[in-house]
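Same chain, two partners: chain A is paired with chain B first, then with chain C.
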Partner chain A sequence: MNAAFLYQLLFLLPLLTAAVIACFLRTKHNLAANFSVLSGLIFSAIALFLIYVRPEGDWSVTWLTLGGSFELKFGVLFNDLSALMLLVLIIVGFLVQVFSLGYMKDDLGKARFFAGLSIFMFAMLGIVLADNLVMIFIFWELVGFSSYVLINHYFDKPSAVSASKKAFIVNRIGDFGFLLGILFVYWQFGTFDLVELEERARLSPGYLSTGMALLLFCGVIGKSAQMPLHVWLPDAMEGPTPISALIHAATMVAAGIYFSARVYFLMLPGMEVIMWVGTITAVFAAVVAFGQNDIKKILAFSTLSQLGYMVAALGLGAASSLQRHGEHAVISTGAAVAMYHLTTHAFFKALLFLGSGSVIHACHHEQDIYKMGGLYGEMKITSITFGIGVLAIGGFPFLAGFFSKDSILHLAHESDFNLVSYLLFGTTALTGLYMGRLFVVTFFGKPRSAHAERAKENGPAIVLPLVILGILSVIGGYEWFFGHTFEAVIGAIPNAEGPFKMLMIITGLLFSVGGLIVGWLVWNPSKDSDTLENVAPGLFKALVAKLYFDSIYDWYVKKVQDRGALILGFLDQLFITGLMVRGTAEIIGLMGIVSRSLHGGNIGGYVYWFAIGVVVLGAIAFGVL
Partner chain B sequence: MNYPQLFLTTLPELIVVLGMFVALGFDYTKYKELDPQTRSNKVAALSTIALMLGLAGVVWQFLQVTDGSKTFSNSFNGQVVLTPLTLWFKGLIFVLALFVVQFAKTDVPNKHVSEYFGLILLSTLGMGFLITAQNLIMLFVSIELISLSLYGLTAFQTDKKFSVEAGIKYFTIGGVSSAFLLFGLSYLFGATNELSFEGITAAITSGAAPQNYVLIASAFLVVGLGFKIAAAPFHLWAPDTYQCGPVPVAAWVASGSKIASFFLLVQLFGPVLETSEQKETLIAGIVLVSVLSMVLGNIGALRQSCVKRLLAYSSIAHAGYILIGLVAANEDGSISVLFYAVIYSLATLGAFATIGIIDSRLGREAQIDDFNGTWKQNPGLSILFMIFILSLAGIPPLSGFFGKFYLFMAAIGSQPEIASWSEGFYWLVAVALLMSAVSLFYYVKVLKAFLVSADTPKLPSIQITKAEGAGLLLLAVLVVYLGIYPTGLVEFIAASLG
Partner chain C sequence: MTNYSILLLGTILVPLVAALVMLGGGSLSKATTRSLATVGFSFPALASLILWINFQPTDSSGYDYLIVLPTGLERLGITLHLGLNGISVPLFFLAGIVGLAAGLYALQSEAERPQQYLMLILFMQSGLMGVFASVDIFFFYFFHELALIPTFICIGVWGERDRHSAAMEMTIYLTLGAMLSLLGLLAIYFQSDASAFNMIALKEAITTKPIEGGVQNVIFGLLLFGFGILVSLFPFHSWAPRGYAAAPTSIAMLHAGVLKKFGLYGFVQVALPLVPLGAVHWSNFLAWLALGSVVIIGLITIAQRDLKMMVGFSSVMHMGYCFLGVACVSILGAAGVILTMVAHGLTIALLFLLGHVVYRRTETFEMADMGGLVRQAPALAAIFSTAVLASIGLPGPGLLNFFGEFTVFTALWDFNEAFAFLAVLGVIISAVYGLRAVASIFFGPHSETFAKHLKENAVKDITVAEKIPTFILFAALVVIGLWPRSITDDMNRALEAEFKTIHAMLATLEIQPDEEGIEIARTAITQNR
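What follows is the complex of A and B.
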């Protein structure tokens, strides 16, 4: 089978699905949903074939040729890294589509939702496979667009509308730097092509610079919601829960990590900053998670925290003492570890989000954990799979999350940055604790609302993806799970041995199980209100306000930016609109009147014009003019 | 004469001629009792079939030629030259004619339906022959075939005084320009003693032909062909013809006839401009025409309230833009001219067709005000119209943007080493850019009426026929597609020219 054909098919399938739904199936909701899932199935099958069989050949077409020398290509760069990301995309993507069949069953905008999902799959595929920076940027914006559309799914809710706008605008801020970074790269290296870039960066490392790395990292800060542009992700939970699982936990927000891993060689000079940004985000988000009562918001902050881990891992790879072992293997160490955690995180975080979706669906869209409780009795499968997710994210030994977190902490331990190591280590304890709080309060005690009392386990479309993701959260960290298909990534992960390994197992056990136990003791599920709120109301209030980032941004926009805009608006009215635009328009308008009056509709006049033209051309021909 | 060869070479045209004769018969057979609309549907269906069969013939020829088989080696002294490029453009003409027939059938100007479609088919033939002609005789005959059919079509709305008047004006000025063209052609023949383009080019570039005769001939040819492409100052027929003739005819004049004429310009002038000793003088003349067209066209359009007339002025401006590619006088220039001719005709055909649909439902000529709030009742039609207009205005990522980009780049690239902005064609491109900015004003004014205006819609919800809808959609898709992926067509043209 020809690979080029398969790539084309892969790109076309979700795009055509979205187009067909948008054009013909807007009101035929069930047909649209089934069509979308069927197309997703074929999509996944082709992708699996590409990942495991790796047929010969690649695909690249010249998209635009501008001015003779400048060529823009549209092509595919397929290697172990993109194969791994593609695997994550199709597993989570397909399970979320199946889950949505149940979750969105009675939704009035079901067809629109599935069209949006298809657009997202198309856009994400573009980021995963793109072989040049411009293509990545285009699809980068496209995932931003689809995320906007899907957050905005309940567009009659003002909070959803403003959340979608916020996500879009905050991302645009990051993307501005990202675009500058891409142009910077082109300016220095004269190409957008990833393979050529790697070659040229290797031959002339002098062209690399911290500024370039950090500009590119701006895009990552926006898309992967790192400090200080993290504010959009918690709000994005206004979207339907399957979307939160797919886009805002497993794949799109991880695109920044994937991109960094893909162009690791360009980011090297900025790695220390990157490490710190990741570490601070990890700690910050874990702390704020304690102040949230919305089940999805807690998971959103946990996602932020885990993304922080991945970004920190990227940075640590360069800073780690493991670097001394040999140039090439180590350059990708951080990227490999980050991708490893990205993969396992995709499994258990999608599991947690879909589990929360199952709970929310059963509780008639109640999202406050203090209005749930006692769900374990009626929703056994959801509870057990959710529990597996909680243990996996807490780093319970030999579950998926354990291995990947283990390798990040190992990197931190080997690095010269002890503070980073301690912070990341401490955050693990916090992770166990807030997840323990979430689990205990949601599923145990007695029901705290009428909805929670009547909650029943959901149907197979919802439960089946949970079970599959539960299994993946258990086995998804072992080397045999990956086989040799992703050798370039998985093979580069350093393994902890000896006492450090033992330490990891013990602490993993301690933090995950301990988190549950302490969670039970502190946030006793039989209570109706939050313990922290009762003990330290001031701190709790600050945490509820997410440590005032939103308020500061609001203040800035209202007090600084709006006033600046007012002044600029006045100047615009006066000079640009008034003098230049109106003035020019009036002059040209006058000319229009003159030229119209010369064209009176009289055929004699026409012939004069004609004759004048002939005379002038004749003058030129005879050299008079 | 090799008759089997001749038959195969002109097969598509023969099919269309046959179709035309059958179409003409409709007014005289038992069908003459039927009401005009029913007859129109029947004749349109017949014309569609004929054009489709003709198109199939063209495609077959195209496949044969690209295969490299020797079926069409004989070009009859350049009278019918079949290459991948000429066949592609001939195919495009047939496709455009198909669209025009679909748009024409709902509102036939008078009861002589057969003649209406017969003339459309005849002009299609003329355009097809003009594209494949590389011989002066054939050139003149096909231009006259096109012109005479279009004069008739313009005056076809016999119940409207202005339609007839526009036809007569078109005919008068056309007659004058034909005289210039024929005079120029005869000088060219006199100077080179050759009829085929190949021989003429060889004679001019080798210096065998007396240069000043060639120059006079070229000046006359610019006048004659300037009339065909509605370039200023030979443009004055265009606003009347576009506004007062039947709208599908205006669309046809602005699209098919334009493509054929620009194709001829590139074929005839391209090699001469690249090599002739007098190229400086020739280029100066064409630059003058180009600047005049851009300025008069765009400024004339600013104050128009009738949308068809506005589009007519915009077409004059576009002729000016396209000539920039010609004065670049290199291969990039020729490529950009052909590319722009294609995308311009697609967008303008779509825009005219939309106006035609609205006009016919409104029962009168639509003014810009009539479109106020159309968006609310007819969102689909408004979006399609927006695509056409924005492409004409040259907004990325629609094809109009890349068309202009290639034209301007070709002009700038034609003289790579220059000292200041006033040399080379920087100033010409600057004028073009300025005029494009001016053009945005009137394009956006029309769009504003469609999309933004808060007035209650004047137009009721418009029912469009399936054929019209499909035609508009297909045109819009092509306009968008050629914007997103222009490289395919550009590379094809480049490969076929080289």
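What follows is the complex of A and C.
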């Protein structure tokens, strides 16, 4: 079968699904949901065929051509890297759709929700398959749009409305740099096409620059929520939990990592800065996670932290050996390792988010972990799968997270940046600890609220995805899991050997299991309040406030931007409308009086005024010669 | 001359005749008025669609459907010379589509004396079609005036709020702008050796004997101020938001969506090919004013609390992108201007229309007095937010807007990177005001005022009658957005020819290289930026 036809089908399916729901099924909620899941199933089947069979064929359509070389195209570039990302997208995407059947069962906006999911799948597919920078940017904005719509799902809540706005605007700030970066690339290399760009960048590396790399990286900072544009992601938890799992943990926020891997050759000169941004984000988010009591917010900060790891890996590994696989599939070690962690993270973080969704659903939308507790007794499957997720993210030996984290730390260890190595290493200890706190307080001790007391395990639509993701979180890191299908990515990952490997196993065991034990000892689940809050209230307050980034930005928006806009508006009224226009009206009025005495009519005044205006502006035109 | 040329003439004559019947036919019955108006609005739209689809210039001038009618003014070089080229076709279509949508919405309006109201809009429609169909520059200008005068009258008679002072301010400003542009256009004619006052003759004349550099600067200067005022270039913008806020909805749609584009169209079709050295001379100055439009007006848009004023200011801001494209003096820049014009014309018409649809439900334009409207009007909420997202250049519904802005930005980067940095700031600014507006109108809890209003009035979702013009505008926006080649291929051909003329002109000027700045101009233009 020709690949072009399959690509077309792949793009059309989710788009048509969304259109059909929007036009015909707006009030037929269950039908819309089932239709969407069915379409998701076909979508996944076609994608799997593309990933594993790799049929021949290209698909490219020209949107427009102007003045010779300026060509905007819609096209597909399919290689091992995009295949891996597509695999992640369909696995998590489909499981989240199934989960949503249960989770969104009685939601009043169910049809809208599933239409939004379909638009997201469409937009994300575009980023994964795009063969040029402009198309990536277009779909990049589109995922932002679907994210906006889905965060805004509970639009009666002012907090959800402002979170959706914040997500979109903060992303646009990143896109500001991204767009300029694309323009920079175009005027240096004369094309937007990824394959041609790679060729030209290799032939004339002198055209690359740090500025270009960092402008492009701005887009990544926005989409993958790196410091200092991380503020939107924790707020985005206002959206329904399945959305948090799919969009704000597993796929969309990882799009920045995928993009960097895709164009790593343009990013090379900026890699040191990129590495530091990632490292700082990883540490910062892990620290702030200790001050959150909302189960989803804790997971959001852990997502930030893990994204920081991926970005750091990009930066760390880029300079080391480049490996060539196949014709177009060149990838740097750093990009390969980042993609590896992206994949395993997608599994265990989706698991954790969906697990939290299962808990929230059982507790009637209670999200405060100090109002949960004792859930282990009634929710065995959720608890056990959640526990697997906690161990996987903590780096428990031979679970998925262990391997990928291991390779990132290995890269850091091999590099010249000792400080980065220590910071990333230390953060794994923090990860084990805050996840331990989350797990212990949520599932153990006594129920701390009426909702928690009445909590029951959920139905199969919710539990089944948890089990599948639990299995993937165990096996998703092994080489045999990937086979040779993604060789260009997986084959480029360096393997730690000897004493470093032993060190990793020991510390992995120590940090993940130790995190749980210390978590239990420090945040005793039988207590009703947070230990850190009692011991160091000042520090805890700062952590609750997310170290004041949001407050500073709010201050800027309210006091600087909005006030500045008001002042400009006032000046516009005063000088341009007031003095220039009203002033002239006054003059006209005066002239009217004068002319009335001459002609007895007001119209004459305007004629005079026009004549004078023409003379004045003519004089300016001549004068500026 | 073909049958299509007759169709082209018909787009001007049909609404004109309908208007004249209403003017001279005494008091017509409601049904007669409505059916006359429906024909008058539908015919240009359908015809423009047919002419767009069949457009295939064989003439070396790049024009198709040429038709020349005597006027008795041939001694002055004036004939009714109509035709379309790759640059005017998309705008001609825009005029037809926005005219239809605005007309259909005007038919639903509860304006007093509907016959006069519709008559004036039909006059306007006739003028709008004429502007983009004219090859002759006298008629290009004449049709603009034909459309402009009903605008003033409609605002003065059927407007809202401080309609008299807004109409007066608009009249003063726009008449001044129109006079300056006329001066500039006449100057081109008299400075060239052209046999007739039309674009084809002028281009031919100028290729063989260009206007001298210094004179070009003066002419472009006149056009810059003239067209600038007409298109609400910063700081000559203050008429626009106030005027649109006061204008009846259909008038705002037609003026902001189509008529305002006269000046920009004049830049691309007339000024750039005929006085390119003047354009290069003024380009920095123009770019700074345009950046003022994008950044300063953009920030002022954020401060607006009134929905209609906000839409008006946002329109001024988006015109800034167009002026930046003009300032680039390049194929890419000019193409970006036209793409942005078409996209903006459709979206701004949508926003004025939907803004009024919202007003019908809230009976206020104060956004703080709305809130939570989505519960009463979910479909309106979806349509309105899609329109806003399109206007802020979100690919998807606003794919065409994105292509336009992106093309301008690309051209601008090559002109001056720093300008590109400042211009792209608009991407953030527009997201701020757009999303805030959507949020405060539709989401969150009802405001106190709106809650009180809801108690006393039944508020319904968008009606079918309101959906029809909305759908027409959206369909045009999305179809051209998905398939921009439907306009860019012809446009590119026309622009390449235009810039070839410019190159030829520069080659001629090489004989007299004493003009200051020519060297810079030549390198700038020949680099094909």
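The rule is simple: the second predicted complex is superposed on the first by the 554 of 625 C-alpha atoms of A that agree within 3 Å, B and C clash if a C-alpha of one lies under 4 Å from a C-alpha of the other, contacts with A are read in each partner's own complex, and residues count from 1 in each chain.
Throughout what follows, a residue touches a chain if its C-beta (ideal position, glycine included) is under 8 Å from a C-beta of that chain, and two chains touch if they have at least 3 such contacts.
Fair warning: this is a prediction, and the values are worked out from it, not measured in the lab.
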| item | value |
| --- | --- |
| Touching partner for A:K165 - first (chain B), second (chain C), both, neither | second |
| Touched partner set for A:P205, first chain B, second chain C, both or neither | neither |
| Contact breadth on chain A, by residue count: chain C or chain B | C |
| First, second, both or neither for A:G377, with chain B first and chain C second | neither |
| First (chain B), second (chain C), both or neither touched by A:L64 | both |
| Touched partner set for A:G190, first chain B, second chain C, both or neither | neither |
| Contact residues of chain A, present in both the chain B and the chain C interface | 62-68, 585, 588, 606, 609-610, 613-614, 617-618, 620-621, 625 |
| Of chain C, residues touching chain A in the complex | 165, 168-169, 172-173, 175-176, 179-180, 183, 214, 217-218, 221-222, 224-225, 235, 237-239, 242, 285, 296, 299-300, 302-304, 330-332, 335, 372, 374-375, 378, 382, 389, 394-396, 399, 402-403, 406-407, 409-410, 413-414, 420-421, 424-425, 427-428, 431-432, 435-436, 439, 442-445, 484-485, 488-489, 491-492, 495-496, 528 |
| Residues of chain B defined as touching chain A within the complex | 168-169, 172-173, 176-177, 180, 215-216, 218-219, 222-223, 226, 232-234, 236-237, 239-240, 281, 284-285, 288-289, 296, 299-303, 332, 402, 405, 409, 413, 438, 441, 485-487, 490-491 |
| Residue ranges of chain A in contact with chain B within the complex | 61-68, 585, 588-589, 591-593, 595-596, 599, 601, 603, 605-607, 609-610, 612-614, 616-618, 620-621, 623, 625 |
| Chain A residues within the chain C interface of the complex | 22, 26, 62-68, 70, 72, 134, 137-139, 141-142, 145, 148, 152, 155-158, 161-162, 164-165, 168-169, 172-173, 175-176, 179-180, 183-184, 186-187, 561-562, 564-566, 568-569, 572, 576-577, 580-581, 584-585, 588, 606, 609-610, 613-614, 617-618, 620-622, 624-625 |
